[in-house]
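Look for chain A in each of the two complexes below; its partner is chain B in the first and chain C in the second.
And now, the complex of A and B:
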């Protein structure tokens, strides 16, 4: 066995815990997870059946953690996991899974398949079978702080632009602020208005906030590629900045997996609870709305719908807040099919969008979202994840769809009632 | 060995052996799972998520919105089989007598014609699910020897039980003996096949519900 394969198998062994064992022991091969997965429903290709994507991990569980499996291994009846097999599984584990979590909601025996994919990626990455695109993105994150290689000077340039455009002051490295604002690479590069919008809203609410020169990027490729050490390093930078600046709350940006990385995996990666709260921007907006500090006026007068980002809605629990906000400013807000926690992914989450190899498949998978939007018949879609936004925008181009795509935070900022 | 000899063995030492192996196997498998443990989740839960795991144990028995339409055979076949099988196993009066002898517990049975219908429904459902497994590309990909074994282990007790009740074969004693032996085989292999899901799914569903519940999502 090669050293890298050994590392991979060791990582598999390490991530298998009681939930994983209960999940594998319970699978009855009913195939319902396939029907919940857009990579299967849009291709009809059985290899994209979610539980099948875990086959190598399942065999390691069976051979290492069950009596019969160990006996079979002892007498040479067990089929060992090979390097070639992991190479063949790499597209299944990385390209055809956005870790959207829909299968975990559907599995009749209750298997959290997505959780197992997250775990399996640890072994895949350790064995050297992570896709090129994700490997480079992760390397750039470690070196420059951002998977897209965004440097602080880029952020500084955006700060200047936003200060001018929005007429606000953007504090940097301010101590004892209520909020530390983070961005994702996409927000720095493609949607800088996010920063201006958050600034205006927080100023308007009378909250204090700041950016940090040392932690401005919330994106965490370590989570996507499945290398917890790197994920810890990236989360650690934010934790250090937040604690150094003594902020009360860190706002995770309009980015799905950044929220998962910081809010749900963060404390577990760091091995301790944080001395500050972590909230998604939509949670902050809704808190402000409920406490009467977010005053809105006017409305957007066209039919529109909301695309739930998986990591924010189904895997993050933030699904009522966007609706409460939209109801205030969009009287013609309409739900698409399967709204909220049963949403369909845009196809580019969980690192799929950073993985060039997956691009053709991701474009096919988008047909699900396309059909949903077309069935509803609206021309405006609002969302709250910059990655969803980029993926959807590219797909809309590809399919020649004339749909306007908006970020919810920016939409809220446009309807601020200025004092 | 004559039918009577087999029946005597099956009702005596065979039963004790089968139940013993089944109990040992179930405990072993449960330990295999639970002994792995898991790390405490340090992320503070969004809300009080107490009970979310227990809720999912029940709610996961129902198809999520839209799923019944996507996979009607799997869901309906699954329901009819499980309910029919449960009625046949636990509400056929002679079975209840057996449980009383083994456990000292008794509960009211259902009229034989009802149990008969339930058994036939379960048999038809199992056959339909078998056809489904043979033709559906997803199921075919997932299927291994264990699936055929589990199917047969469940089907044979049903069909032999039905045959015995209706005296379909001349040698009733032998039919009954084969029925009991087939159930014993089912008991022996249950902990070591995918049939173990009858126990482990409660653990799986609980974990799923608990993990999601902490995030404020009812799964």
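And now, the complex of A and C:
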């Protein structure tokens, strides 16, 4: 089997449903989505207008599912989608879109453009036009369990380190626990303190928790590359492990799209409800805070701001919780411009950070975040997505900016008032 | 101050027992209506007082005399009525004392003496069907209108019938009634619609002509914008309850008693342009909505055919006709057919789906 144009166009036909047809039919070509898109505002290049990135999908809709389009096709007036065209569109669909969802917020007729990009990637991947970096990451996810090739032995090594560093016991494969803790590759490799922090907080709250040998990786390259068949397999691994261990709740880590994959796309991919709850770590922390099981002490004596990860704040709705937590420990918290659901992406979401081809464009797109941080005049930025963190750290290096970047969960653990 | 001549309005008004205070009050109302500065009140008063007779010929065609009633049959003689009758009116077959040939002679004489200068006021629509449907002294309405309009400075179409055809032109329009503006094309036609129009609106137009020698500014439908520029709804004192979503649901429910908006009871205020909500009726006593009944929309074209007076504007005015219903059904049918075809196509695409494995992500050479 091989990728082919035919499989790609067939996938386009498959993903066009009533909402997509309604979106295309109701687009008024106002161009407001351009102004909302990071890749357009930072380059001024009109090819990055979000709705334009969907042009091949729109034509398939028109030619296959509308009366006039079908007539045009019948008499040979329609321009069929070609392989060369899809190749030309690959950078638009994968490099210049982080599926941040900002365009969907501003569309005056309510079109969820981001959802359509997600669907269009199904056809692009089936036609063999996914970028190499994402293909490799996806292959590694399926074959080794993690897009970065992190194996269970690596996790075991980090468990030992964290047990020692935080003085906690990290349970593995514990049945009937309250929480199953997942991580992203970045957290295993770059920010292992996340695991120790979560452990300390949950232990202190009197909750039972566990890791699973069979499902430690939360990220889902299948969602990013746009192959539901593979995304389903990756989500399925977590669902099976959680249900086998009979945990009550699975905690999605500080990773944006992992939350989207597990919480929102997951049940649709599996075609059923899960036998457990899915929560982002910030939701869990704020729940514990409100029920009095998480008490904080001390404060950070410097001005700082919060970078909203798109999939968590805008697409996920978790934007009040981080602020409630920060208010307790950061008296000098300053809000960035366009905070919460209208935040600006770091530029590396939706698989862009795994796509080497996109790196120059991603660096240009970061200028928006750079300007936001500089305007605020803070030297500390807190966020809750390991991917944002890596992307921002790399960009800060590139632009020689001396900014400290912190993960919110670690920050909370540092201010834990232990009983 | 110059002593006014004996045949001026000043004398006529004082003879009729109208004090100068009342008269200046009327002038101030007009000045306000035309958005003129306060200093212009005296100008208007002087112009009206000293205006020598501007001849007005009033022709009544297919009408009910309600417009004349509106102007003249108030419970006391009004300044509006007096201005019209005593200063200007040379011919009005309801009001004049003369009858028969003498009456018609008065009209012809006035037309000859004031050629090119007189104002022609028309109430009622003109039947274009059988000329015998409506005649005066054996002359058809059409012939009389065309003959009298020839020497007029301007034509004022008073009432909805003259302005838009009104009740006689309602479906199925058996007499072929048409408005004045459809027949007179070579000189200004001012429409003063309403069934009947507000008296001050009629004389307001007349006073403008007497004071300034010109006609007031008109909108796209030939109406003076000062009186018809805004809708009843926009000036209605019940507008706040509309904005708050408070509606009377029946004529005797709590909402009606509390004076809430009558939109749901069929009020046509939102689509009706007239001055009722500001000038009101019967010397400013009230207007229909204030009396608890929705606006009928009488100053708008085809108000008689706009559907039930008690049907809310948001509902279709006329029952959905067969052709429309058929077209809608055909549309639904076509929609269903297309939907089924699309569903089949999508199902075929689903069936043709081959599970994507990691090896399938690249093209094999």
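Worth pointing out:
The rule is short, and it goes like this: the second predicted complex is superposed on the first by the 416 of 419 C-alpha atoms of A that agree within 3 Å, B and C clash if a C-alpha of one lies under 4 Å from a C-alpha of the other, contacts with A are read in each partner's own complex, and residues count from 1 in each chain.
The rule is short, and it goes like this: contacts are C-beta pairs under 8 Å (C-beta built on N, C-alpha and C of every residue); 3 or more make two chains touch, one makes a residue touch a chain.
Here the structure is a predicted model, which is why all the values come from computation and not from measurement.
By the touch criterion defined above, A:138 lies against chain C but remains apart from chain B after alignment on the C-alpha atoms of chain A. In the overlay built on the shared chain, the residue A:298 is in contact with neither chain B nor chain C. Of the two partner chains, chain B is the only one that A:46 touches; chain C does not reach it.
Of the two partner chains placed by superposition, chain B and chain C are both touched by A:16. By the touch criterion defined above, A:34 reaches chain B but does not reach chain C.
When the shared chain is aligned, chain B and chain C each come close enough to touch A:65. Of the two partner chains placed around the shared chain by superposition, chain C is the only one that A:7 touches, whereas chain B remains out of contact. In the superposed model, B is the one of chain B and chain C that contacts more residues of chain A.
After overlaying the two complexes on the shared chain, residue contacts for A:315 are found with chain B alone; chain C is out of touch. According to the touch criterion, the shared surface of chain A, contacted by chain B in one complex and chain C in the other, consists of residues 16-17, 21, 65, 67.
Every residue of chain B that touches chain A in the complex is listed here, in rising order: 28-29, 32-39, 41-44, 46, 56-57, 60-61, 63-67, 70-71, 74-75, 78, 136-144, 147, 192, 194, 196-197, 200-201, 203-209, 211-212, 215-219.
Against chain C, in their complex, chain A makes its touches with residues 1-4, 7, 10-11, 13-14, 16-17, 21, 64-65, 67, 125-126, 128, 130, 135, 138-139, 142-143, 225, 227, 229-230. Residue ranges on chain A touching chain B, taken from their complex, read 16-23, 25-32, 34-36, 40-41, 46-47, 49, 51-52, 65-68, 104-112, 115, 263-268, 270-273, 314-319, 337-338, 341-342.
Residue ranges of chain C in contact with chain A, taken from their complex: 338, 342, 345-346, 348-350, 352-364.
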